[in-house]
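The following blocks contain the structures, represented as structure tokens.
Paired with chain B in one complex and with chain C in the other, chain A is shared by the two complexes that follow.
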Partner chain A sequence: MTTANDVLSALQSAFPGAIEEAKVDPERQLWATIKPDRIVDVCKYLRDNHNFDHYSGAAGVDRIDEGLFEVTELLASHGAHQVVALLKVKTPRDNPSVKSLTGLYWNANWYEREIWEMLGINFEGHPELYPLLLSDELMGAWPWRKDYKGYPDYNTAERAIEKVNPEGYTDYSFTPTEAEIKAGTVPFERPKYPTFREREEMEIKGESEMILHMGPQHAVVPGPFLLDILVDGERVKKAFLDVGYIHKGIEKIMENRTYTQGIPITDRLCYMAALTNNEAYCGAVERLLGIEAPERAQYIRMILEELSRIQSHFLGTAEFLTLIASAVYSPFLYMIIDREDVLSCIESVTGARINHSFVRFGGVRNDLPEGFKDMTLDTLKMIRQKTEEYKELFSSDSIYQKRMEGVGVLSPSDARRLGVSGPPLRASDTPFDMRREDPYLLYKDMDFEVITRKEGDSKARVEVRLDEILESCYIIEQCLDQIPSGPIMAEGVPKRIKPEPGEAYYRVEDHRGEMGFFVVSDGSEKPVKVKARGPVYAYFQALPPLLEGVYIADVVAIAGSMDACTSEVDR
Partner chain B sequence: MVLSAITEFAAQEPKIYGLIIGLVAAAILASVINVVAMLLVWLERKVMGDFQARYGPNRVGGRWGVLQLGADAVKLFTKEDVIPRGADKPVFVWAPIVAVATTMLVAGALPFGAVIIDGKEIPLVVANMDISAFYIEAALSIMAISAFMAGWSSNNKYSMLGAFRGIARMIAYEVPMGICVISVAIMAHSLNVVEIVQAQSIWFVIAQPIGFVIFAIALITDLGRMPFDQTEAEEEIIAGYNTEYSGIRFGLLYFQEYIVMLLGSILLVHLYLGGWNGPVIPVISFISPMIWFFMKLIIVLVALIWVRVSLPRFRIDQVTDLGWKILLPLSMVNLAWAVVVGLYFA
Partner chain C sequence: MVLKNLKMTLKRSMSGVEVTRLYPEKIMDLPDAERGVHVLDIRKCIGCGACARICPNDCIELVPYARGNPLKNKKQQYPQVDYGRCMFCGLCVDDCPASCLTMSKVFEIAGWNRDDIVYSPEDIAVGMYTDQELAELAEEARKAEEEKKRKAAEAAKAKKAKAAKAKAAEEGEKGSGEKSAKNKAE
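Right after this comes the complex of A and B.
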């Protein structure tokens, strides 16, 4: 088995002088600072020789005191080993530029675009450096920089300039006042790039082709995002995706809050996965603080996170049903009703049904209430029975077979290349599950199976979710049997959280895939940088290539089978 | 007695009396149809609620929510009527009217049950034509034209796709449906719906089971209900051909769907389930055919609602595949069967 130390020594011998500083902390994470001109070579070497075939994301940090930007590339492997390589590249704050990894990893595209639009770091060799989350008028303001001064309010009605365009529609524009230009809240220079609409219209070839909007206001979308499909009759020729309609700047907000105040904000990343988001964030901060939750607290976390997984998979499957059937479709409502019981179990512990804010640094907020075990076991019994029914529904109904089989097929190699994780990856015959791959909490003691399917189509993705519900039930039962008594908070956790300067990365298996938090501390009460690496971001990036050449109705079946959540993509 | 008096009155010179009688009958028919269609909307919402473990309408008009439809109708009447910029205005305006008018054409030829007076069965039908089955089938097909008018004139991509889908689907399903009607006519030795009903000493659902299934599937497709509602698949093309409609025009299109559902179910009952045939109930023998007719009708309607809440939607290419590759050959088989059996028993 490859360990982080093996990788480090191999790197040091292969690239003498290219690695400035390096450490292994904790045992499966390799941190290294790479010279900017060698980063592509190092990553290529790691990918080809050490199976680092999973590009997990990138985080940009503004080190304003040192006059530097840092870009940290997160590399991992799809099951060949458990090492995560966090490779840091430094670049000066004036005229920042880093080499792009898009040539090595297809899915580096969006992560680098995001860092470019937020921090203004240019990525050399990036094929399409267009804004992703920000709107066009915000470009050039570089909002993630620490010296960002805010931006004028574009929504002020009296300052909007109305202009009727030749087609008869009203355009709104805005010109800043001189005071705003003087105060530096308006960017002087804006990067040049073709707008989203121009890029779309470049692709229209024949007279029979047209762009069909699916979103931001459309029944297919789980939240506002723009999915434009170029159709010829009923066939999709190309798909364009634009996100950022509900960009909340959660990562920037967390930089301006204390560590503890960050916990409720992680809830809002995605309302379906509040508990796992809490877990990922608290786990990262716990690593910074060097503390560990007591055993009972870890069991409570596992129980609740698995319950949360059950409810999320129920809702995800139910949403999929409304998309390929109809909003008046009965099984959708049956699933929602079943899910309520699971939410009640969670509510009896956390006091909330959706936004729990339950996990704490070094423990949990509440202990399990009396009667929780019986209530949960009853619910699990019901859930098992209902899940078997739904599985039978999917496998017996011929319309389902027609709508789902062979639709949106992701081959194993494509699934890895596109960077998806969670159920869509496992449905493509890749047993990649953080609970096995990078065991957190006490999952290494648990007996469970990583569900996989060979087909990689929509049906396989739904089946994986339904089977994972059963597997989660089994994990919860084990936890309820084994849970010891004891404290629920670690001793010696300070009231004011001030971690030592450093960085930590902690990844968990979200309901939809790999959820990671990258937290950078400078010793103060507030984090320097919090980066949330969400699974749905990767799904969204992988969606346009999947949609090429399918029917319009299949767009819905494919997008729905991904179980997307816009809130987490936009953050 | 009353009926014969009216008939005599209408037959006398000058013909203007006949015209007046006809207009009055048409007005009564239209109002009755509309009221029944409203009740049907209520029935669907209530039954769907039961299927989906929820209440359905339960506030307006007491526990059963009977006045909910009145409230809905008032809302639709008072909403702003928007005609989108760039729409083909005359076609846009006329599409809902054509839709409802063609449905009313169907209603004119359909018998709505029968009554027994002096031991004689009198069917309740406005125009008892000799070829009413053929006429109804033809009038039902015009519906697709009105949907296409609505979709094409809206100047909207979703509407246009919905309209295209509607036409593709109509062509694929009207053919097997028509062949089924022909099979029934062959067995009944008549194209008159009243005579078809009277010919069913054995219900045609037993005599032609394949034909019944094909006709039922084609009927659901014609009605555009799940699993065949591709023309207005809201998850794909918003609301299909009626995306841009609002207010009373939307109300007309919406209502037309339910009127067609009612008339289509009546046609199914007449062609395959023996219409108003049934044993005479002793004390109330006068309306005993009506009781049988409505019992069958309600069963068919609830079955249609049941199908709607329990099946997912087909893709448009799968729908046309089903129509051309499975239903059409099967309907030919059914036709051959009807010819053989019809000639043997004739």
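Right after this comes the complex of A and C.
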């Protein structure tokens, strides 16, 4: 098995002088600062020789005191080994520029675009540096920079100037005042790029082609996002995604809150996955603080996260059924009824049905109440029985089979290249699960199977979810049997959380895939940078290539089978 | 296939799972851990403001409260919660050093105005002092105050007396000095 030290020594011998500083901390994580001109070579070497075929994301950090920007590339492997490489590249704050990795990893595209629009770091060789999450007015303001002064309040419509454009639409514009220009809150120079509309209209080649809009407000999308499909007849030729309609700036908000105040905010990434988001964030901060939760607390976290996985998969499958045809509405309601019982189990511990804010640094908020074991075992029995019923129902229904089989097939190599994780990746015959890959909590002691399917189509993705519900039931039963008594909070957790300067990355298996938190501390009460690497961001990025060449009617079946959440994409 | 599915539907409809609740009349059982409206133990609160500092949404404000313990500092303030902002995360409860702030199962707090859902210490307090207790405590406080005043007065008196004595002694010395000088002159 390759270890982080092996990779480090191989890198040092292959690129003498290119690695400025490096450390292995903790085991399985390799941190290295690479010279800016060698980053592409180093990544290519790691990808080709050491199986680093999973590009997990990138985080940009503004080191205003040192006059530097840092871009940290997160590389991992699809099961060949468990090492995570976090490669740092530094670039000066004036005229920042980093080499793009889009030539090596297809899915680096969106991560680099986001860093460009938020921090203003140019990525050399990036094919399409267009804004992703920000609106056009904010472009050029670089809101993630530490010296960003905020944007003038345009919410009062008094200052809006109406203007009718040549196409007959009314546009509203705002002229900045002298004071605002003086204060530097209004961007002077905006980067030049074609708008989303111009970009998609450029692709129209013939008379028979047209663009069909799905969204931002559409009955079949799980939140506001724009999915435009360029159709020729009934076939989709190309798909375009526009996200950012509910961009909340959660990462920037967390920079302005103390570490503890960040916990409830991580819930709001996606309320379905509130517990795993808590876990990922608290795990990263625990690494910074160098503390570990006591055993009982880790068991409680595992029980609740698996319960949360069950309810999320139920709702994901239920929503998917309403999307493919409104005729199958009864299974949707059945699953919602079953899910309520799971939520009651979670609520009896956390005190909330969604948005739990339950995990704390070094432990959990509450202990399990009396009678929790019996209640949960009853619920699990019911869940098992119901899930078996659904599986039987799906496998025996010929209409469902015909509608789903062979729709949106993602081959294993494509799934890895597009960077998806979680059930869609496992449905494509890749046993990639963080609980096995990067064992957190006490999952290494648990006996469970990583569910995979060979087909890679929409049907397989739903089957993986249903089978994972059964597997989660099994894990919870083991936890309830093995849970020891003891404290639920670690000793010596300071009241005021002030970690030592440093960085930490912690990833967990969300219900939808790999969820990671990258937290940078400078020794103060507030984090310098929090980067949430969500699984749905990767799903969305993979949608356009997946939709090419399918029928219009299948678009919904494919997009729905991904179990997406726009809130987490936009953050 | 159709029959099988139909059988499942029938089974579900016969299973007797309670789905619809007659909500205002019948409220579901809430667990003890439920995070609803705060409860403030007014006798334990030390007015430190830890809850207000930790609150991510700034919804807790410390305000003066007339019915607090008169034995304590008169300027002590108590938390007031603005439920228009509160997200019921429970961080304030975790951070309370006196364990006086908890959360109840009450969740029906809708109001007609924004002011209606700003809960003053009086609205969330439990264990409030009765009028009699307050009167007794006030009496105690008055007594304590009087005692303090009396002691202060005594101390002042003693100090004054001491000062006067010292002055007198000094004066006496001075006086005798003068006298002796006078005597000499004479």
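Simple rule for what comes next: the second predicted complex is superposed on the first by the 566 of 571 C-alpha atoms of A that agree within 3 Å, B and C clash if a C-alpha of one lies under 4 Å from a C-alpha of the other, contacts with A are read in each partner's own complex, and residues count from 1 in each chain.
In this section, a contact is a pair of C-beta atoms (placed from the backbone, for glycine too) under 8 Å apart; a residue touches a chain by one contact, two chains touch by 3 or more.
These numbers come from a predicted model, not from an experiment.
Q: So in the superposed three-chain picture, is A:323 touching just chain B, just chain C, both, or none of them (first/second/both/neither)?
A: Only chain B; A:323 stays clear of chain C.
Q: First (chain B), second (chain C), both or neither: which does A:389 touch?
A: A:389 sits against chain C, while chain B stays out of touch.
Q: With both complexes superposed on chain A, which partner does A:397 reach: first (chain B), second (chain C), both or neither?
A: The answer is both, since A:397 touches chain B and chain C.
Q: After superposition on the shared chain, which partner residues are touched by A:337: those of chain B (first), chain C (second), both, or neither?
A: A:337 sits against chain B and chain C alike.
Q: Considering only touches as defined above, state whether A:10 meets chain B (first), chain C (second), both or neither.
A: Neither partner.
Q: Report for A:490: first if it touches chain B alone, second if chain C alone, otherwise both or neither.
A: Neither partner.
Q: For A:442, decide between first (touching chain B), second (touching chain C), both and neither.
A: In the superposition, A:442 contacts neither chain B nor chain C.
Q: Touching A:261 in the superposition: chain B (first), chain C (second), both, neither?
A: second
Q: Across the two complexes, what residues of chain A are contacted by chain B and by chain C?
A: On chain A, the overlap between the chain B and chain C contacts is residues 330, 334, 337, 397.
Q: Flag every residue of chain B that touches chain A in the complex, lowest number first.
A: The touching residues are 48, 51-54, 85, 157-158, 161, 164-165, 226-227, 229-230, 233-238, 308-318.
Q: Residue numbers of chain C touching chain A in their complex, please.
A: Chain C residues touching chain A: 1, 4-5, 8-9, 12, 17, 19, 30-35, 54, 56, 87-91, 94-95, 103.
Q: Given the complex with chain B, which residues does chain A contribute to the contact?
A: 168, 210, 212-213, 218-220, 233-234, 321-330, 333-334, 337, 397, 399-400, 402-403, 551-556
Q: Spell out the residues on chain A that touch chain C in their complex, using ranges where they run on.
A: 257-258, 260-261, 263-265, 267, 330, 334, 337, 347-352, 355, 357, 360, 365-366, 369, 389, 393, 396-398, 495
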